[in-house]
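First the structure, then my questions, so here it is.
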């Protein structure tokens, strides 16, 4: 049998990436595509690269008959997402790609996002969607909150180190370089090709990026004590990819051993041999995450470098991986395509 | 059952692209990877983006036991290719991606490539690999010659127009813009990022590009009279993609009708509505080819614009499409993945 | 003595380019910077790359005291430009970079731009700013209309050929590739780095690009008969540069001789040796234009390739070259900086 | 009067950048261009972007009559540079852009570069070319050693903080992102556009980059005790620019005050208002360096971000700034051109 799938917010980059992945999925069929401004358009108009696919025309969300839907992906902006999901049937399986259900504490949500949360019951119900660490909860969940793409990258690099107790929790720095699709399809001067292609910069400096809310929540809960990292994202003139360079205090071999052990059976996470570091060119368009460990010349200091595709493993690929679990399908279905290189 | 596949010249871009496509193919398994300088290396060393795959180590070509192989892809440089293929079992099915067997006339080969052809019997046997136009011959062939990537693009745009007699055969101009992976992995100053990324240029001007040999052969044979087009390739600061702008004399609606009719049942070739033109961003990483037709303001003149991915539909995807036919598999198997956007 | 200069529309790319050039000019001082939405901001806020310069704060245009100004550059959008210039003192020297005064015929203006021209007296007065061909008129002019960047490129390539009578006037094709700064600082999805950097396409196909109005006007007036060329612009993933490939019917040596003769004493136009073609990487950020000529393999057909920087020689550099003439300064002052490579 | 200048190693990127800058210098004339493999070629052949300049043909270094030369720039590879300079007249003023004379200690040189130093007397004589900090010594010097481009960036950010005693010397991390021209014109696979443009990565991880030799020497000498920083360079898909993110322990306002005080009269170094951070798009092609300071959310931790153009302020612009001093010219001559944006 084939599951019937709806995608809300189908006209953004994460929506396009979901359609790309689902088009090859043997057990899922896209039945409805919901949009706002672009409702009424065909997929060939919105995304000419998908014109060969036989897909429904985009419609307003309230025109969708959700009784026919087995699982719904929400790729809407935060704030919109909580309002829309509140109005969906409470038995519908949902994978939300927005930020609305990532933080469990309503106050933390307000602190990072500025607005009050208006769906706190759903917020309590939601399971955090970092598949490798919440696998069993996700399998049983009705509502899964996809993680931030930067938050996913940093957690893949650091969670096993916190778990293994091999690093100093008060001295963690994450210097992250994100390709521009991570900023979405929003129209801003500094996202124009003319300005970005020969210009890169740090942004949200000093601990103001919203994904820090996820790091704080997850690392503190996991460590059983408050953990605050330093995190600086940079915008890089490339389309896809996140490369994060982590500076930790701990022994490189212990760090490498902890990562190797944590991911030895994971299908998507590759720990490189000690001393090697990854590149975004080797994960593009795929659900894989590469992690490398290198000892610094200063004893007791170690570099951890992680790379993944922000739109795939950092967002839509992760969402599909979670959906597979929620529908009792093989977790890797539709996600094993190798990266595109060059 | 699964067919056993060898790839010779596995360490170039077309080799990598073949592995990427075959990794998802349900009926083919890569049994041997042949290389020259990189023999002895693992796939993770040569192509870190493929490190998650369980693939054989690269070996010298003469170490491969071809009796175990059902079909062999040759992604070697021209001249090397004819020498190597001459030494392979004469019952082995082969898809050659080099230029060695594209031209049927040994003199034409020497005129365009400079060297004598040393395997003229094989040259006679080879079938030209433009799938949509040689489908039945390819199905029956033992040795198929993959086309040039530029040659494929231009032929998809122009063959149906010659067939339908809707354009002036003496007034065809093809202004083509190719992304840099079309130049292969060769180390040249003008392929360095620092020089290319903010610099583009025409090359092989005035009718000196080798793919003109294919245009001359195919268009003349097809038209039953000599046809020579003007062809200017340009190198563009992008990784993948060919966009070709064709200037023809003929009525736009007749041109559009001829293309629409020719490709109405083709799975990979999309003719856009009259008046629309394609972009390389909509075919990247896929086996699809988009073609658009626009009338010029000068009556009787028409623009035809084609776009495909030089490494996929222009090379390795085409090779797999042909291999599927040669092994009596469904032609589209392993080739329906949508383009990567953005 | 130093001339006092105003720039209106200082916050766009051509405005920034004017400031960059004027900052090094020994005989001009920027006295006023006019803007609309960004009035009130300092130059460091609008253009951080100019923060080291001692420049006036941006003001509304009606706050500028034009009696102190010797020459005014208008880098406003068309339609706005004619309204603003109509309100300026009629003795003020003006170089307009918009499209408003390029076309001498009001009907042609309306046909290409859609709106009625509301300053037809000024339109009559304006001199077309293609310096090398209108030098004496520009020297005497009060109001000079800067050319379109594509229009400049094509005219540099083709005017001498029309003058010399060495090509067929009914068979001219100009296939042009423009970098993205040519589209200005406007916020459109297809100008986003994520969409453009790995995607290029033709636009305004079939003879609908507005710069054709200039080609028609200039070539026809010059030839003494109607001349209509075919012109297809393409948007390329680079920041600066125009590369235009011209297809003409005529002998290559006559074409080359005509260009060489026309530009032998020009300081900014370099005709390459016969058989060589230019690249945008060799003119970036400069006021130079490179032109090459190559014979096609088909007798009687010739390729002409031109390259210039759309923001410099195609726009702001040209404007300064004209301003130098209007102020009786050495024409090349402030414009001889070599291109930036790489 | 005009000084007569020679450039050795004229065919690399730093050589091209020197010629670009000198072409506009009122007091220097290029009299000789020395090269190795490209000797005998004209500048138009080696660098078509400089074809409009009246420059001597490239010659072998031993064909140059150095008695006519007032100052010589050496843009040769390290090791070659010390051999060549040893053979030059010992009264000739020299600015060396290689790594050969940056480290004062022969053992440190061997440790970082692998080979013995064969010109240790010259090594003792050489003055380290970080202009703002060695101005008086450079004015009096005969031989000046240009700094590494990364080393310059980091020192501009950190030296005033060490001097002011406002940061913890044992806890300095410098995460640096360098554009690809920093790797020179060398032909390597990972510098190809096809591989780099959508792929970025860290290299020389763990404290193995040679510019660390400079950091160690300078910071330790300056602090009067051993100082070792952590330094990770990354290769970014852009042509020009270095952006370095420094993580220090110290109060942001004290850090900002120290930088502001140190550079208040410097013509090329701009300290941004506290809380702002620079971008490479705002320094491209110029001799300016922008530095920003932002407080981290964790009390006592501060971010320092620096940006400069690796080929200009990081290399050839710095070299010219030093040459101006050595010839008793105004230090800023020929170096005040604003950045190129976009």
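Here the chain labels run A, B, C and D in written order, and each chain numbers its own residues starting at 1.
Everything below uses one rule, namely that contacts are C-beta pairs under 8 Å (C-beta built on N, C-alpha and C of every residue); 3 or more make two chains touch, one makes a residue touch a chain.
Predicted model, so just to flag it, every value in this text is computed and none were measured.
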Pair of chains joined by more contacts [C-beta pairs], A-D or A-B: A-D
Through what angle, between 0 and 180°, must subunit C be rotated so its C-alpha atoms fit those of subunit D, rounded to a multiple of 5? 180
Taking shared numbers over all numbers used, above half giving same and below half different, the subunit B and subunit C interface sides are same
Chain at maximum distance from subunit B, centres defined as averaged CA atoms: D
Distance between the CA centroids of subunit A and subunit B (whole Å) is 36
Note: subunit D sits from subunit A at a C-alpha centroid distance in Å of 39
Touching two or more other chains, which residues of subunit C qualify? 13, 181, 194, 196-198, 237-240, 278-279, 281-282, 284, 341-342
Subunit D-touching residues of subunit B, taken from the complex the two chains share: 13, 179-181, 183, 185, 187-189, 191-194, 196-198, 237-239
Considering only the defined contacts, which subunit B positions touch subunit A in the complex? 13, 16, 19-20, 23-24, 47-53, 181, 197-198, 239-240, 267, 270, 278-279, 281-286, 288, 290, 336-342
Could you please specify the touching residues of subunit A with respect to subunit D in the complex? 173, 175, 177, 194-203, 205-208, 212, 228, 230, 232, 234, 236-241, 243, 245, 247, 277-282, 284, 294-298, 301, 303, 305, 307, 341-342
